[in-house]
Amino acid sequence: MAAIALSQLTKVYATGVKALDALDLEVADGEFVVLVGPSGCGKTTALRMVAGLERITSGTVSLGGQVVNDVSPRRRDIAMVFQNYALYPHLSVYSNIGFALENAKVGKAERDRRIRAAAETLGLGDLLGRKPKQLSGGQRQRVAMGRALVREPSVFLMDEPLSNLDAKLRVQMRTEVLRVHRSLGAATLYVTHDQTEAMTMGDRVAVLLGGVLQQYDTPRALYDRPANLFVATFIGSPSMNLYEAGLSADGGSVARPTVVLGSQRLDLPAPVAARVAAYQGRKVVVGIRPEDLVLGSGSGSGLAADVRLVEMLGSEQHVYFSIDATQAGQAAAGAAAGESVEAAILAASAPNGVTRLDPGVEVRPGDRVTFAVDPARLYFFDPDTGQAITG
Amino acid sequence: MSGTAVSTPARSAPQAAPGSGFRVRPGHSAWARRRDRRGLAFVSPFLVAFTLFMIVPLAYAIYDSLFTSRIIGGTTFSGFSNYTQILTSGMFWSGVVRVIIFGAIQIPVMLIIAFFFATAFDLGVAKYGRSFRTIFFIPFAVPVVVAALMWGFLFEPVYGPFSHLANLFGFHNVDFLSSGLMLPSIIVIAIWEWTGYNSLILYTALRSVPRDVVEAAILDDTPLWKIIVKVKLPMVRPAIVMLIFLNTIGALQLFVEPLILNNYSAGVVTLNWTPVLYIFNTSINSAQYNLGAAMAVVLGLVIVAISVTSLLFRRDRGEVS
Amino acid sequence: MTTVTERPAASPAPSAESRRDRRRRERIEEQDAAIPVELYGLKRGTVPVLTACCVLFAVFTLVPVAWIIFNATKTQANIFGTFGFWFARPFEFFHNFRMLFENVDDDGTYIQWFGNTALYAVLGGGGATALAAFAGYGFAMFRFRGSKVLFYIIIGSLLVPIGAITLPLYLVYAKAHLINSIWGLILPSMVAPVGVYLMRTYIGLSVPRELVDAARIDGAGEARIFFKIALPLMVPGLMTVLLLSVVGVWNNYFLPLIIFSDNNKFPLTVGMGLWSQHATTSGDQNLYPLIVMGGLVTIAPLIILFLILQRYWRSGMLLGSIAN
């Protein structure tokens, strides 16, 4: 029995806006599931419907096997951490954490024990007497977590709890959150717009766009086998390079098609060719992850490119290049009516790809380089639907 | 604030010549000072009017209060004798006591009613909230004089509708404007006049409570009364304190209602019924301006004392401001 | 304030919607934005009880207004003789209304009073709003020496009882021969410390410092910045202060009472007060219907003004300032 089960969950606002479209999702006991997507994708709406804070238009929310659509949020045995922490400003940290226990009429001694235990876990022991306005952002966030933790709920909901923290703190808190999750052992539904958080924290990740679930899988699977263009570009930083390409058989036999990228061709080995057989002779979108492009001609397939820009990050460098293939999703550069000559020239020399290289590699803007491409690491997508071609 | 020519900050910011020992204090550069002076220019029209029509009369009142005018002998400096006269005047202080009692009853009752409705509207529990809020606010559009006139008619002991109503319920010969019931009647009028306004302010304060705090309270399974009293109420404390402050100042200066109601029930409202009435009668009707001025000063000090006490009360509770 | 949900806000093109549709949509959006009532855990029957309370208080609020409406149509005898909350024959509405245009036993003409009040209110209220806007802007945007102290003094003036200011003002006028001058009423009415307070708070919230700084860097003069950039952003605040100031002048009784000896200069408050006095002291003046009708005509414009300004008026302003 799943701890959380969403079935065809839909939310349509009275104004007609559809925030969530038939979401199906299951979270197992003790699992940490991340809902990720850009602003307005419906992830927070879904979370709030699980909490009971938002009216459900259609579909069901089940907790522990029981449909809870009509159950008040007070009775659902869930705890939630809000994006802006939602601490009671006039109460001390101690009272903030203990508020729910007071409501549940937990005895004073027991309450005190639990509050202090939660505070201990989160390193808030010294701050119990302070008021929220005397705390830093990170401390407030921990109080919010403590408030949820102390209730020992069966379901933990988190609404972008780290997005108001600065970058460094966010990285620290990621481990904190996971530690708390593991100590609690409750099923957790975590909402974020940050794909790094999703990838590093989730047991499974649900990617949403425009209210529709794009893919629900382990981080590894999302990375290796993205279901569509959106997931492919959303996961991984820098984003996957996408190009318009064609699959043709001339120059090779029918059994050995090539990918035509602008003026260049890449041979496809048999297993890959089998996958894309249905698109023989048609246009496709080809994706290459930046980390899959390495310098030097390796096993046959090579891609010539002009280096445009080098960003030195210390631990790696991001090298921006251009090849003469068309970037997918880009309106044909310069073809728009009225575009000036300068714009067209600029567009022609703008980088349309990026790769990640070791810091020691010597590249400079203006260099002409050849990247080794492992065809097995190529991703193919239908140019019209954006769906991944899986054969 | 003339349309002076542009002075771009970059150009006019003084450069500290290296080694010159001249240090530029941030915010006090010549440019910053010039800019700040323009701020003064914005404020000056108001300041001029303020000085002319508030400071000057006030100063004059204080000055005047130190003199005494007699028909024989003219105006002479009398130091604090006016003040001693007032401080020992039973007539003055009975008026003060009366308005304090008035405020002590009217303000809490009105605030409770106002908070009740403000909460009902905020929670969305009452239907047609917006229409009701508009209706409740109508008394604010009624000048106090007109309100007093109308309520005077309603309360009128012989012919007024309320007397008829009282008769229906078995209370005969109720004179709402008798000396016994005058103050309660005025309390009713004051509640009528001010509840809508206070309710609107409280409603707005309640609306500004962040939604997620209330949602957190709901998830914490907080019962409704506790949400109102322990979560929302503390968060609107600044508004409540300000309202108590403003209402107190108003209550202590009760003037128009008794003055008008006296026309319906002659003699009940004595010359010294409220401090401001006493000041008014002393200054205008008896032409004892000096004494009146001194009374005004004393009343002002009383108001300051009471109002400041209410503010200190708030800080004592260590409230979130 | 929290944006809890990144809600895609889509609204139909404004021209395509009728006013009623728009209002309905706004009401639905408002409901959507509020916490659903059922989450509060109310017992059944709470809503009807609360609605009943609201109705009761609404009745209480409207009783005097209803009474004025009904009794403005009656003769003096009927005002006292017949049931207060319904009409009676003869229906004297128009007769009473016409009487407002006449000078009733030398107390002055209502219509004149009305015109006076309107004049004072517009000039005084408008002036107060202007001064408050300038001053509020000065306090909000600039940090000059003593601005804090000055501001506290201005707010502190609220503590001073009206007698301490208006009565000596009368004496000052006497010396300056300003007794009975309409400017003697209008000019002091332009001093509204509450307005300054409200405007300063509102400007602080609605005019971003960065905008003004950017304009300065672009070389705009302070006056230009105020009128072209800040002023449009202040409008809701201005409307609120305007409303409050106009109402304040309209209601003003004490000051005009003591400075005007000329009937023609009375505002409505003083005039009606005088009528009320005469109605009782000189028995059979038939003034009562006039007082009631006068009352009705006095409150009607303000109520209408409210309803009009309501859409501009941010009640949030009245209060947001207090919370600061």
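Letters A, B and C mark the chains as written, and numbering starts fresh at 1 in each.
Heads up, the rule we're going with is that a residue touches a chain if its C-beta (ideal position, glycine included) is under 8 Å from a C-beta of that chain, and two chains touch if they have at least 3 such contacts.
Values in this document were obtained by computation on a predicted structure and should not be read as measured data.
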Greatest number of touching C-beta pairs links chains B-C
From the centre of chain C, which other chain's Cα mean sits the farthest off?
A
Per the centroid of Cα atoms for each chain, what is the distance between chain A and chain C, given in Å?
54
Centre-of-Cα separation between chain B and chain A, whole angstrom:
56
Chain B to chain C: how many Å between their CA centres?
15
Could you tell me which residues belong to chain B and also touch two or more other chains?
210, 212, 215, 218, 223
Could you tell me which residues belong to chain A and also touch two or more other chains?
53, 73-74, 82-84, 86
Where chain C touches two or more other chains simultaneously, the residues are 2, 4, 31, 35, 39, 41
Contact residues on chain C for chain B in the complex?
1-2, 4, 31, 34-35, 37, 39-42, 46-47, 50-51, 53-54, 57-58, 60-65, 67-68, 71, 79-81, 83-85, 130-132, 134-135, 137-139, 141-145, 147, 150, 154, 157-169, 171-172, 187-188, 190-191, 193, 196, 216-217, 219-224, 226, 247, 250-251, 253-254, 258, 268-270, 272-273, 276-277, 279-280, 291-292, 295, 298-299, 302-303, 305-307, 310, 315-316, 318-320, 322-323
Where on chain B does chain A make contact in their complex?
210, 212-213, 215-223, 226, 231, 234-235, 237, 319-320
Contact residues on chain A for chain B in the complex?
51, 53, 73-75, 78-80, 82-84, 86-90, 99-100, 103-104, 131, 133, 147, 151
Could you please specify the touching residues of chain A with respect to chain C in the complex?
13-17, 19, 39-41, 44-45, 48, 52-55, 72-74, 82-84, 86, 159
Show me the residue ranges of chain C that touch chain A in the complex, using the header's touch definition.
2, 4-11, 25, 28-29, 31-32, 35-36, 38-39, 41
